[in-house]
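Going by the order they are written in, the chains are A, B, C, D and E; count residues from 1 in each one.
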Amino acid sequence: MEGLAPFLQNLSGGLLIGGIYALIGVGLSLIFGVMRVINFAHGEFVMLGMYLAIVLFVQLGLDPYVSLLIAAPAGFLVGMVVQRLVIARLVDIPGDSTLLVTLGLGLVISNVLFLVFGAEPKSIYLPYATRTVMLAGIRLPVAQLIAGGVTLVLITGLWLLLTRTELGRAVRATAQNRLGAELVGIDTPRIHALVFGVGMALAMAAGVILAPLLFAIPTAGASYTLKAFVVTVLGGLGSVPGAIGGGLLLGVVEFMGASYLSSGYRDAYGLFAFLLVLLLRPEGLFGRTVKRV
Amino acid sequence: MSEAPGAQRVLEVIDADLGYGDLQVVFGVSLHVHRGELVGLVGGNGSGKSTILRAISGMIRPRGGSILLEGEEVGGLEPHALALRGLAHVPMGRQLFPDMTVEENLSLGAYLPPARERRAEGFARVYELFPDLHTKRREAAGALSGGQQQMVAIGRALMLHPKVLIMDEPSLGLAPLLVREVMQVIRRVADTGMPILLVEQNVTQVLKIADRAYVLENGRLVLDGPTEQLRGDPMIRRAYLGL
Amino acid sequence: MTQGPDAPRGAAPAARPPRPSLLASPWPRLALVAAAFAAWYFVFPSALSLGITLMLLAGWATAWDLLGGWTGQASLGHAAFVGLGAYTVGVTAANFDLAPWWAALLAMAAAALLALLWGRLTFGLRGAYFVLSTIAIAEILRLVAINERRLTGGAVGLFIFDLQEPFGLDLFSRHVEFWFSLGYLLLVLVVVALVTRGRLGYQMRAVREDEASAQAAGINPVAVKSWAFVLSAALTALGGCLYGVFLSALQPQPLFELHLSVRIALVAIIGGRGTLFGPLVGAALITLAAELFRTTFAQANLLIYGLLIVLVVLFMPRGIMGELERRVVRRRYAKSARG
Amino acid sequence: MRRLLVPFLVALMASGAATALAQESVKVGVITSLTGRFAEFGEQHQAGIQAALEDVNAAGGVNGVPLEVVYEDDTSEVNAALTAAETLVNQNLPLVMGAYSSSITNPLAQYFTRQQRPFLVFTSGDDAITRPGSDWVFRLNQPSYAYADVLFGVFDALNEQHGDGYLRTIVTIHGNGAFEVSVADAVDEIAAQRGYTVLQRQDYDQSGADFRPILNRFKSLNPDVVFMVSYAADSVALMRQIAEVGLDAKVFAGGAAGFALPNFIEGSGPAADYVYTATMWTKDVPYPGAQELDDRLQAILGRTPSYHAAQAYAAIITAADVLSRAASFSPADVREALLATDMPDTVYGPISFSDYAGYRNQASLPAVAEQVVNGEFVTVYVNGEVVNEMLDTPAWTER
Amino acid sequence: MPRALEAEGVTVRFGGLVAVNGVSLALDEGAILGLIGPNGAGKSTLFNALTGYVKARGQVSFYGRRVDRLQPYARTRLGMGRTFQIERPFEGLTVLENVLIPAFLRAAGPAEAERVAYAALEQVGLADRALQPSSDLNLARRRRLELAKALAVQPKVLFLDELMAGLNPPALKEMIGFVRSLADSGLAIIMVEHIMEAVTELCEEVIVLAFGEKIAHGTPQVVMNDERVVEAYLGGADE
C-alpha cells in the first residue's frame, strides 16, 4: 500500500499527459467523423508542429506558446492544401485508398523532416520547463500545466466552434448526413477541406505544445499516430467529446500501469485497452450504442 | 385553386429524358407548377417519379430536355446552386441531422446567405405553421416521431424562403394515421401561397389535397389535369396495378 | 434469353465458338522468375545479400497479398509473423538444439495458430478497425519480445551460432541462403498461384468484392478470411525463419517493427494487389531503387516509399501489375470478341 | 524494371572494376551510418577517419603504400549493413571495420565470423559482440561493461572521501535497446560484487519520454544513486523530469552516450549540473596528443567532437599498424597481426587485444568519468584516479 | 408436389419499427410465387429475412428442414439462390470469374466450375462476354449476370428481387420467358416484382404486403381486385 498522495500524484500525471493525448486524438477523430477518412499522417503533422516550434524558437526566439499563433494557421493551410490536392480525389472511392495515401504522406513528411533536420533529436530549453508548483501535496509541473491549459482552451474553442457557429453547425450537419447537408446548400467539399485543415491545425498545435516537453525526432510521428488512434478508438471514432475522455483515460491507464505494474509494458497497456474496446465495444466507451454520428 | 389563365410558371420541365448510366427511366416528360399551386406527381413503383425529382433538384443531370426555374434554365446545376436560386427540396427519407436539435436543423435550412438574413422571419413562419416544433425545438431531431420529423424536414425547406418546394414521398414509411396528418400539413403549407410539387405514391391522398396532378406510368405521362377530374379515373388504377 | 444476341433459339451447342478459358497457365512466367534469380546468382556473385533480402521481401509481400490483396483485408502487422519465424528458429536452436527444418514447421504452425486466433477476434471488425487491430497486436508482440528476456533474450537479442546442417549444407553460407530464399520465393508464388486459381482463390476474391454477394454464392466469409490469414501467416513465418538465419542476431527492434509491416504492405500495393507477380515486381522495384539510392542519392531512400505509394494510389489504384493485367484482360476480351 | 536494372548493373560493375584497377593503395573497409537515424555518429566517424588517414599517410602509410578507406553506408539498417559487408568481403579487403549501433554490429560480427574474415569493432559497446566473441571479431573500444565500471569507480572514490556507507543503494532506469540493457546488466553485476544494493531496475520503451511514473516510484525509495542509461533525447527528458519531480539523490550517474554529448547540457540547462557521466575519451585524458586531436576534430567537424571520432581515429591507426606488420593480407595473417597488436601510446590509450572476464579479442581500456560543473563537462576520474574535485550534489530545493 | 419453402410468422424489427409482421407463406416445387406491394411495404426485408441477411423471428423451412438459424451462405449451400435488387457484380472480376465463384460451390474442381459457369452464362446469353470485365457491362447485362450467378449455385429455390425493373419491353418479354422455363424445369421461384405484366404472366399465386403485413393472398386477378389491395396501392388512409 503506497498511500493516497503518490496515487494522486500519479493520477494527476496521467491526466496531464492524457490532456495532450486528447489534443492529438481530437483532430483525428474530427476528420474521421466528418470525412470517414483515417489519417495515418496525423502523427507526422504533430512532428511538423514540433519542428516548427523549434525553428521559431531557435531563429526568432519565439516562445512555443507564442508560436502556436503561427503553427495553428500554418497547419490549417497545409491541411487544406493536402485535402484539396490529394484526399479530395479519393474521398468517394470506397476501400482503403485514403488510408494508404495518408500513410504515404506520413512517410514523405517524416523523411523530408529527416532530410532537413537530420536524425539527431532536437529540443528547446525553457527555464520554466522544469519548474513545478505544489498543490495540496501534489507536485504539478508548470510546463504540463500550461500545456493542459492550452489544450483546454483549444478543445473548448473547437467545441464552441462546432456548437455555437454557423460553420460548426454546417460541419456537424455534414458529418451526420452529407446528402441532407448538400440539400440545404452546404458546400460539403469545402467543409471537408476546412475540417482537414482544422484537424491538422490541432495536430500541429499539439506538436508545438509538446516541443518544450519532449524531443523532436523525425521518425517519431508513427508513435503519435498510434496514440491518436488509441485515443479515438477508446472514445469512439468520430466523437469529439469522446476523444477527450479517451485521451485522459489513455494517459491514466499508461501512467498507472507504468507506476504499479511494469514500465516496460507501458505502451502495451494502452494497446490492450484499445483491443478490448475494439472487440467488445467498437463504438467506443463514450459513444452511443445506437446511432452513428 | 385551379389553374388561373396566364398564371406564371414557377417551375417547368420540358420534354425531359432521364436515366442512370445506360438505363433510361423517363421519356419525354413535360410538366409545370404555377404560382400558389400544389401539384401532385403520382405513379406506381418504378414509374420514374423520383427520377424526375432528382433531376429537378440537381442530383442527376438530365440527358435531354430542359428544366426552368422562373423561366431560367437550371438543368445540370448542383444542388446548392439550385438552393441559392430558391428551389427547396424535402428529400425522401427526410435526411435530417439526427443528433442536432430541431432548432439547429431548421436553422441550417437558412444556411445560405440570403435566407440567413431572414432567419428570424423563417423561424416565426415555421413555428406558426407547426406549433409542435416550437415546443420540441430543443430536442434532438432523431428522437421525434416520424410525422414530426417530416414537419422538421418541411420546415427546414421553408427556412430557405424558397420560390418553390419539391417533396419526395413524404408519406413513405409512415403509418396510415400519420400519412393523413402529413398530407394536411402539406395542404396548409400550400395554402400560404407556397408552390409545391409533391411526388407521392399515395395517389388517393394526393388527389384529395392537390390542385392538379400528373400520372406517370413506366416513365411516361399518361394522364394529367385538375384533381377533381382525375379522382375515379380508371386509368389511375391501371397505372398503379397494371390491370 | 437462352441465346446470345445473334444466335437463333435452339442452335446446336456445337455451333458456338470455342470457349476462351481463364485458366491460362502462370507456370511459364514462374519459370522465368526462377531463371532470372538463378542468373542473378551467376552474374552478381558479389551481391547475394541483396538478392536474398529482395527475395525474402518479395516472398513476404506475396504472402501478405493472399490476405491483403486477394481477400481485401489489409494488414499492417505482418512483421509479427516475420519476427515469430526468426525467433522460433533462434529460440529452438539455442535452447533445444532443434533442427532448423523442424523449427520452420513449428514456426509455421505457431503463425497459423496465431492468425487463426487473431482472425477470430478481429474479422468482425470492418475496414480501418481491422487494420488498427493488426498494428496493435504486432506492437504488443514487439513489447513481449523486448520484455520477456528469458525466452527471447530481450533487447540484447538472441544469437544463432550453430544450426544442424541439412544434407551437409552450411545454412550460414550466403550461397546456400540464396538458393533457399529462391526456393522460398518460388514456393510462395506456387502456393499463391495454385490457391488463387482454385476454389479458395475465387472465394477470396468474392469476399473482397462484396461479402453479401459472396454469401449468396454459398461462401462463408469468416472461414475464407481465416484460411487466407492462416496461409499468409504461415508463409510469412517461413520467410521469417530464413531471415532469422540470414541475420543470425535477432533483436526485437528491426524484426517486429511497424516499419517492416508497412514495407511489406506497401511493396505489395505498389506492385499490384491481387496479382500473382505484383508484390514481386513491387519488391524488386523498391529494393533495387533503394540500393541505387544508397550508393548515389544517399538519404532519399525512404522518401521513395512515400512518394510511390501516393502516386500509385492516385494514378494507378490497382498497382503496377494490376493496371497491366487489366489492360491485358481488356485486350484479351477485345480479341475474343473479334475472333 | 529494365530501365532501373541497367544503371544498377553499371554501378555494380563499376565498383568491381575500381578495386581491380588501383593497387597503388592499401584499402580497408568501414561500414557506418552515413545516412539514417545514426547519421550523426557516421559523421563523427568520418571526421576521425579523415584525421587518422592524414597522419598515417604522412608517416608513410602502410609500409610506404598509402592507406585508403572504402566507405559503405549501412543507412542505419541491418539489411543494408549486411549487403555492404558482402560487397566489402567480395572486394577482398584485408580488414573491415564498423559500425555504430550494436543492433547492426551484432549481425555483422556474426557474418564476418562465418566468412572467417577479420572484423574490427571500434564504437559499438554491446557486450555480446566480444562476449563470448569469436576468432575473427576484435574490438578496440570499451564494452558496455566499462560504462558501468568507471562510474562504480567514482562511487568507490566518493565512499572513500565521505566514509563508508555514503553510497549504498542504487536505482536503475534504462532504455530497452541492446546497449542500454547490457549496461544495466553490468550495473547489477558490479553492484553485487562490490556490495551495493540495486533497489529497483526499470526499463522503458523507445521514446517513451514520460518518465514520471518511474521517477515517482524511485522517489519513495530514497536511493543514494540514480543510475541512468539512455540515448540523447531520453537523457535530457530524464534530467528535466527528475528536477521537476524533485527526485533527490547523492549521485546522478549517466551511464551511456546520451549524457556525454554537448546536447545533454544544452537541453537540460541547469538540471544537468552535478551529473556524472561515463565517456570513452575526452580531450583531458592523460594520453599523448589528446588535446591536439580534439582541436583537429573540432576543426574538421566545425563543432565539438564526440568520443566516437576519436574511436574512429584509433581504428585507422590500429589498422595501419596491423597491416604494416601482417605477413600477408590473407585473413589468417591479418588476424595473427591483430592478435599481436601492442600499441602502448596511442591517443586513445594503450591498445592490445586479449581475452579476459569472458571477453574475447577485446582491448582493455578504462573509461573516463566526467561531472557537469556549471554547464561544462569536467573530467574527474581516469584510470582509477581522481583528477579533479568531485562536487556534492545539492538537493533540488537548494539549487 | 413437394413443399420447397415454408415460412411461418416471420417478423423483422428495426429498432422500434416493425418492418415485417408475422408473415407466413409456402412454395411448392416448380411454382412461382409473387411478392408485391407498394414501396416500403417490407418486401425486400422479407426476402432478406428468408435468405438470412437480416435477423428475424419465426420459422423458415427449406424442404422440411428448419433454416431460420442459419447464416446466408449456409442457406445458399442447401439450395436457396438469390439475386439482389441492386445488382452487385464482383466489380474487379470478369464476367466468367463472377459466375465461376458461385459455380465452385458444387463443382469438384476448377475445370468443372468453369463448365458450370459457362452453362449458366449460356443460359442467360452472356457466354460471348465471358472475358469482359464485369464493370463494363450495361444494366440489362448486369441483370443477366446477376441471374447467372444465382443459377450457378444450382439452387432448388430461387429468390428474384426486382429482376425485371428497368428492362425495355423486348428484354422484359425475354426475361419472362426465361423465368417461366426455369420454373418448368422444376425450380421453385419466389419473386419480388413491381412490373405487373411479369407478375400476372408468371405467378399463379401472389402475396400482397402493406406496412409489413400480409393483406392478401391468391391469384393475381383476384388479388388485384381486392379492395384492400387497391387501397394499399392507391394510398388508403381514407375514411
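We take it that a residue touches a chain if its C-beta (ideal position, glycine included) is under 8 Å from a C-beta of that chain, and two chains touch if they have at least 3 such contacts.
Everything quoted here is computed from the prediction, not taken from an experiment.
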Task: Work out which chains are contact partners of both chain A and chain E.
output: B, C
- request: Have a look at C-D versus C-E and report the one with more C-beta pairs in contact.
  value: C-E
Task: Provide the C-alpha centroid distance between chain C and chain D, rounded to the nearest whole angstrom.
output: 39
For chain A paired with chain B, centre-to-centre distance based on mean C-alpha positions, whole Å: 44
- line: Between chain A and chain D, the Cα-mean centres are separated in Å by 37
Message: Based only on mean CA positions, could you tell me how far chain A sits from chain C in angstrom?
response: 33
Field: Of all residues in chain D, the ones touching two or more other chains
entry: 36, 39, 176, 203, 205-206
Query: Which chain B residues sit where two or more other chains touch them?
result: none
Residues of chain A engaged with two or more neighbouring chains: 264, 267
Chain-to-chain touches, reported pairwise for every pair that qualifies: A-B, A-C, A-D, B-E, C-D, C-E
Touching residues (chain side chain C, partner chain D) in the complex: 44-50, 53, 143, 146-147, 154-157, 159-160, 172-174, 246-249, 251, 253-254, 281, 284-285, 288-289, 291-292, 294-296, 298-299, 301
Message: If we count contacts the way the header does, which residues on chain C are in touch with chain A in the complex?
response: 72, 74, 121-122, 124-125, 127-129, 131-133, 135-137, 139-140, 143, 146-147, 258-259, 262, 266, 269, 299-300, 302-303, 305-310, 313-314, 317
Message: Per the contact definition, I'd like the list of chain D residues that touch chain C in the complex.
response: 1, 4-5, 7-8, 11-12, 15-16, 34-36, 39, 73, 75, 77-80, 82-83, 85-87, 90-91, 103, 106-107, 109-111, 114, 126-128, 176-178, 180-182, 185, 203, 205-206
Field: Parts of chain C lying in touch with chain E, wherever the complex brings them together
entry: 1-5, 13, 16-17, 19-23, 197-199, 202-203, 205-206, 208-210, 212-221, 274, 326, 329-330, 332-333, 336-337
- line: In the complex, chain A touches chain D at residues 2, 6, 9-10, 13, 17, 118-121, 123, 125, 127, 129-132, 139, 141, 143, 213-215, 217, 219-220, 223, 254-256, 258-259, 263-264, 266-267
